[in-house]
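Beneath this line is the structure, given in structure tokens, with notes to follow.
Every chain is named by a letter (A, B, C and D) in the order it is written, and numbering of its residues begins at 1.
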Amino acid sequence: MPGRARNVSLRQRRRKEALIGYLFVAPAFVGFLIFYLLPTVRAVGISLTDWNLMRAPKFVGLGNYATLLSDGNFWHSAKVTLAYVLYNIPLQTVLGLLLAVLSDRLARAVWLRATIIAPYLISNVVAALVWMMMLDPILGLVNAFLTFFGVSPQGFLASPDQAMVSVAAISTWRHTGLTALLFYAGLQAIPGYLYEAARLEGAGEWTMFRRITLPLLRPVLAFVVVTSLIGSFQVFDVVAVATAGGPSNSTRVILWYIYENAFKFNRMGYASAISVVLFATLILVTLLQMRVLRADQSDLD
Amino acid sequence: MKEYLMGKRHLTGVLATATALTTLGSSFAWAEDVTLNYAMWDANQAPVYRQCADKFEAENPGIKINIKQDSWDNYWTTLSTSFVAGTAPDVFVNHLSRFPEFLANGVMDDLTDRIAADKVEMKAYLPGLAESWNKDDRQYGLPKDWDTIALIYNKKMVADAGISEEELKNLTWNPKDGGSLEKIVARLSVDQNGKRGDETGFDKSKVSVYGWATNTVDGYGQTQWSFLAVSDGFKPIDKPWGKQYGYDSPALAETLTWIRDLALKKGFALSQEQTGRLNATAIFAAGKAAIVPDGSWNISSYRDTSKAEFGFAPLPQGPDGRRSMFNGLSDSIWSGSQHKDEAWKWVKYLGGSECQTIVGKSGVVFPARPEAAKAAEEAHKAKGLDVSAFVQLATPETTFPFPISDRASEISAILTTAIENVLLGKGDPATILKEANDQANGML
Amino acid sequence: MTFLRIDHVTKQFGSVQVVKGVSIEARKGEFVVFVGPSGCGKSTLLRMIAGLEETSEGSISIDGEDLTHADPADRHVAMVFQSYALFPHMSVFDNIAFGMQVNKVPKAEIKARVAEAARILQIEPLLERKPKQLSGGQRQRVAIGRAIVRKPKIFLFDEPLSNLDAELRTQMRVEIAKIHREIGATMIYVTHDQVEAMTLADRIVVLRGGLVEQIGTPIDLYDNPANLFVAGFIGSPRMTLLSGKVESASAHGLQVACPAFSRPQSISGPFARLPQAGSQVTIGLRPEAIRIDAANPVFSAKVEITENLGGSTLIYAVTQDGTALIVPAQERASVRSGDTLPLSFSTAPHVFDAQGNNLRLP
Amino acid sequence: MKKLTPQAVLGYPVLALFVFISLLPLWMALKIGLTYPDDVYTSASSLLPNAYTPGNFLRVMGLPSAIEVSAFRASPIDFMFALRNSVIYTALTVTGQIFFSALAGYAFARMNFPGRNKLFFAFLAATMIPSVVLFIPNFVLIKQLGLLNSFAGLVAPTILMTPFAVFFLRQFFLSAPKELDEAARLEGASQFQIFWRVALPIQKGPIATLAILLSINSWNEFFWPFLVGRDPSVRVMAVALSDFMSQTGRGNPDWSGLMAAIVLSILPVIAMLIVFGRQIVESLQTSGLK
């Protein structure tokens, strides 16, 4: 282009390149700054105050954190959340694996996978509502089935002993399809000749599953377990709709407790303190995850 | 931390400027109509109040009413956050459970002087309603409506059990043997073999119709247990704005023990574990329960969902008489409103005879003025429903107020859990209740 | 007149210097080939001309304008990449027209110029296709088409033929030579293949380890390699290198003793300078300088394998001291493996000193 | 045909059971949606209603219907409007997020500027922040900015980026051949033209994948819209459902209407699944390989 100053210095060129780079990153950076970095800092700030939204926040130092340590409800919610994780993850993983292996072996049609993924496309709110109806102790369809098979009706979401399992089951219903899909993709990556070779050696289905499938699926397995683990700690929607933390506090998970404090009790400072503690815990889990994932690099290249 | 605070101060400054500009903008628009936002949670009432608003707008040119309805669960979250946001409605329907908190935070306008200036007659309301919105001789709301509890029964089931309506209207109850209530409830319970609860061989593990069902319990037990406990001498709180909850009272423990046993030991009532989030309304509509105590605000719910004919009976007579929780709502003005004068006009109109009568005639709720409440009763009668069971209890002698205290939400959560635990049979009622009560009182 | 001037440029990647002060000049219309083993910095140099790599030191100017740090877009150069770098989501037409489109050339002109390029490259029927529907050779043509359509000041080719099979490579080589003749543009061409360099270049730049070893016409480089590296790199079959020792040196020539030779040989000058007696040298013999000479053999080699190419024969043999050499024989020689060949050489072989520098004057 | 091995004899019924359980709740929602309100509880524990009616669907769509339920008649939630809001919300967040995240991901993968790696690391770290930590301050911020109950407030936190989207796209930009960018650069294209006309189009596949993943998330997002978008003018489907459910206060929700609305809300999703089943399945399959 004639007339344009082409003869630039290295510094000018670099500056121009950097400028364009910054321009490209700028919108995302603004989003990051305002809606991730700033709120994180503010959450920590709020956690050091006593604030009910309606009055000015009052600085209380680490008071909220001290309260938290001796707050039985907090520890209870941590325990309940952990219980949820312990129900949810194995259930979802085992069922997902079973479903993946079955569809890999017996039915690879896309429609089948599309069908089992349908629950995942539906929101937690909707899933919780429909299951709430189906799990009603007196009027629910599930108890009608159970009665039909001679099993006495169960309380499910209404029973303190069963509510958490029921919530986990609803989550499992929603997520098993996705888990299965991820496993299925992992199974597809295992070359078929391995099975042929094993079969020539006289291996049965179970041996092949144990000796070939499972070890080679390990990276996907680790990924699925760890990501759903982090998601599980943040269970909220189903609880909010189906049990509201009850009955008898049996489903008062951490996020519900944070929600209660923030928006029901108007204890923003305390809610923020719990959030910060949760954040710290999740970072720990994530670091652990990185370790696990690295330790489980694929044996396939 | 210091930097953070400084940053925040800066931000606040920017926001203050922005707010000032917005305010400036809106004051230019002042010459035009004033639009008042009026918030409520009951969807049934919104169209009725629209009628009031239409009349009001006609009488007060220059003021427009915008009714915003939000569901109960979400109403309070939205409201308390909008106070901070400065976007709260000018007038909002207020509930006693929130009164202390709102008062402490100064979000309600003090109406005392306006009431005096305009000579609004507070005695025109049902006794007790205006008083509950009064604190230290300052009035923070004009009574809007009230509710009481009655028993809803399935007419066919009652007839099939050979129980007369007369019997139903004169039920007695005590925590020892349950009085005639327990007898009737037993008789109304039927197992899968058709055996009734008062017959030998009744299988409590295979009940097909329960004599008694309530909604899942909460800490106040408005429709589930409070009327029984109070009729046995229980006092939820020492006084309005009290500092002492009375949940450690033996009366409450024995009442809840009776309720627990009715379900768990005798099988005449739905237990907690059998009451899902589908409430007693659903159980009743499905023909699985014969009697359900419920509030007057839910009358239409039964009408919509129940195919079977139903009637209303008054609460049973306990050792201490018949007692229903009497919960009065009010209309309050937001202290941050830009149009307080207009808002007051609207509140005055809402509490006045004209609007309350319109509301009463619609039959969705019982208005705070006796003459309007009468209109409501007649409206129901016209539709074939005798709701006198609700109205006859609306006297100071037969009611008790909603317990008001600070930190109501948190305390409610504690009490709810305790009562759930008692009814689930998770331990000695007295011990559980004492513990919860101490915890609640410890927060005040 | 110098059209492209590369003046003492260096390129630093972190602590590693990959181009260590290179100066090259090219005339307008000249076809210059950068050749060298992988890692010699030839591609980096090319990318520096294109502006895709920053120049650490030195300067690059095109047509008298210093463009050392100019934006690639401002240099009016076109580049054909090793991978062709065709835009997979665009048709052949759009691929060729892309540069003109982004530079807002009028549509009619774009059409005309694409048509012209397509004619030159004989790809008119392919214009509507996507790159993945094309063969390797066709892709190559499209890549070239994209370059020529913009009439750049300089064409840059980065090993453009290395992804093609041998036959196509030869064919495209000829095509590129034809295109150069037809449009007469300045072209810089990077390859590690000395045959391409020899056949295409007006001038060759031999690079090694980030330094220019020699610049010259192909014949120049062949006849007068500046050093052992160039001598070994240019020419196929390769130059045979025999190590030896100078017995005596005079203006008339050198007397060199090699372990391979049956007796010391005298090699005539002229020489740039005379090596000292007793110093180590390397005798370099182009294949055509070696002949089978039963009458007057200077050295002999044992035949390992013969390659009969039909018109000629290549004989792979090993001298007494173990040096491998290749002797081209014009006739269909009746030699078999295991035979011992009597050999002699022309009187003026290359002589390299211990440092590898060619002592012979051109 | 595969021969019937013992595994198959056991496996097919199990697969069938999975399919049944996957679809049963969807059927129940449809069933209750087709049930008369006063039949909801009497037929709650059976697979079929006693009588079918389209009335619930009509009334939640704001069309005239023979069924009138007092709660509904009183204050209809305009679900068609909520559906519209959901579409706007999802479209805005997904397109915005992909566009701006792609810009950033491209810059991180391809451009040189001081602080690039540090910044990227910061973005990465942000993926670890649980959303609940952000909700409260973000809510306060949106409120302070006066953006409550506006689409701007709804989409603000996610329209410019999510760490996941940036990370996901950067990976794909990194693996794309660099020569394409360079070729375009030599042709005189500006950085933005390179991005828009070369780098972005060749990532069609990954972008479609990302769009599907983000759409599912946005469509189902509940908590944030619940906090900031309660006004009917911006209320999305998930929030409208929750409002509708709790509308009758302390009574029971209007289940038949609610389920009809639920079916309405998942209809677009199911339609998408039927039309784009393969792409969705494949997208989700790759989501594990990020």
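Here is the rule we use: a contact is a pair of C-beta atoms (placed from the backbone, for glycine too) under 8 Å apart; a residue touches a chain by one contact, two chains touch by 3 or more.
These numbers come from a predicted model, not from an experiment.
S.K.: Identify the chain pair with more contacting C-beta pairs: A-D or B-D.
M.R.: Looking at contacts between chains, A-D has the larger number.
S.K.: At what distance in angstrom does the C-alpha mean of chain D lie from that of chain A?
M.R.: The answer is 16 Å.
S.K.: Could you put a whole-Å number on the gap between the CA centroids of chain B and chain D?
M.R.: The mean C-alpha positions of chain B and chain D differ by 37 Å.
S.K.: Just the number, please: Cα centre separation of chain A and chain C in whole Å.
M.R.: Using C-alpha averages as centres, the distance is 60 Å.
S.K.: Pull out every residue in chain B that's touching 2 or more other chains.
M.R.: Answer for chain B, listing residues that touch two or more other chains: 81, 84, 278, 282-283, 286.
S.K.: Could you pull out the residues of chain D that touch at least 2 other chains?
M.R.: Expected reply: 41, 44, 140, 242, 245.
S.K.: Counting only residues that touch at least two other chains, what does the list for chain A look like?
M.R.: Chain A, residues with two or more chain partners: 14, 42, 53, 133, 136, 139-140.
S.K.: Just spell out which pairs of chains touch, all of them.
M.R.: So the chains that touch one another pair up as A-B, A-C, A-D, B-D, C-D.
S.K.: Which stretch or stretches of chain A touch chain D in the complex?
M.R.: By the definition above, chain A touches chain D via 14, 17-22, 24-25, 27-32, 34-40, 42-43, 46, 53, 98-99, 102-103, 105-107, 110-127, 129-131, 133-134, 136, 139-141, 143-144, 173, 176-178, 181-182, 184-186, 205, 220, 223-224, 233-234, 236-237, 241, 255, 258, 262, 268, 271-272, 275-276, 278-279, 282-283, 286.
S.K.: If you look only at chain D, which of its residues touch chain C in the complex?
M.R.: Residues 177, 179-180, 182-190, 193, 197-198, 201-202, 204.
S.K.: Can you check the complex and tell me which residues of chain B touch chain A?
M.R.: Per the touch definition, chain B meets chain A at residues 1, 4-5, 8, 76-77, 80-81, 83-84, 101, 105, 107, 205, 216, 270, 272-278, 282-283, 286, 288, 407, 409-410, 413, 416-417, 420-421, 424, 426.
S.K.: Note which residues of chain D are touching chain A in the complex, please.
M.R.: 2, 7-8, 11-12, 14-15, 18-19, 21-26, 28-29, 32, 41, 44-47, 100-101, 103-104, 106-108, 111-114, 116, 119, 122-123, 126, 128-138, 140-141, 156-161, 163, 166, 191, 195, 216, 219-223, 238, 241-242, 245, 255, 258-259, 262, 265-266, 269-270, 272-274, 277-278, 280-281, 284-289
S.K.: Within the complex, which stretch of chain C touches chain D?
M.R.: 50-52, 72-73, 75, 77-79, 81-83, 85, 87-89, 98-99, 102-103, 146, 150
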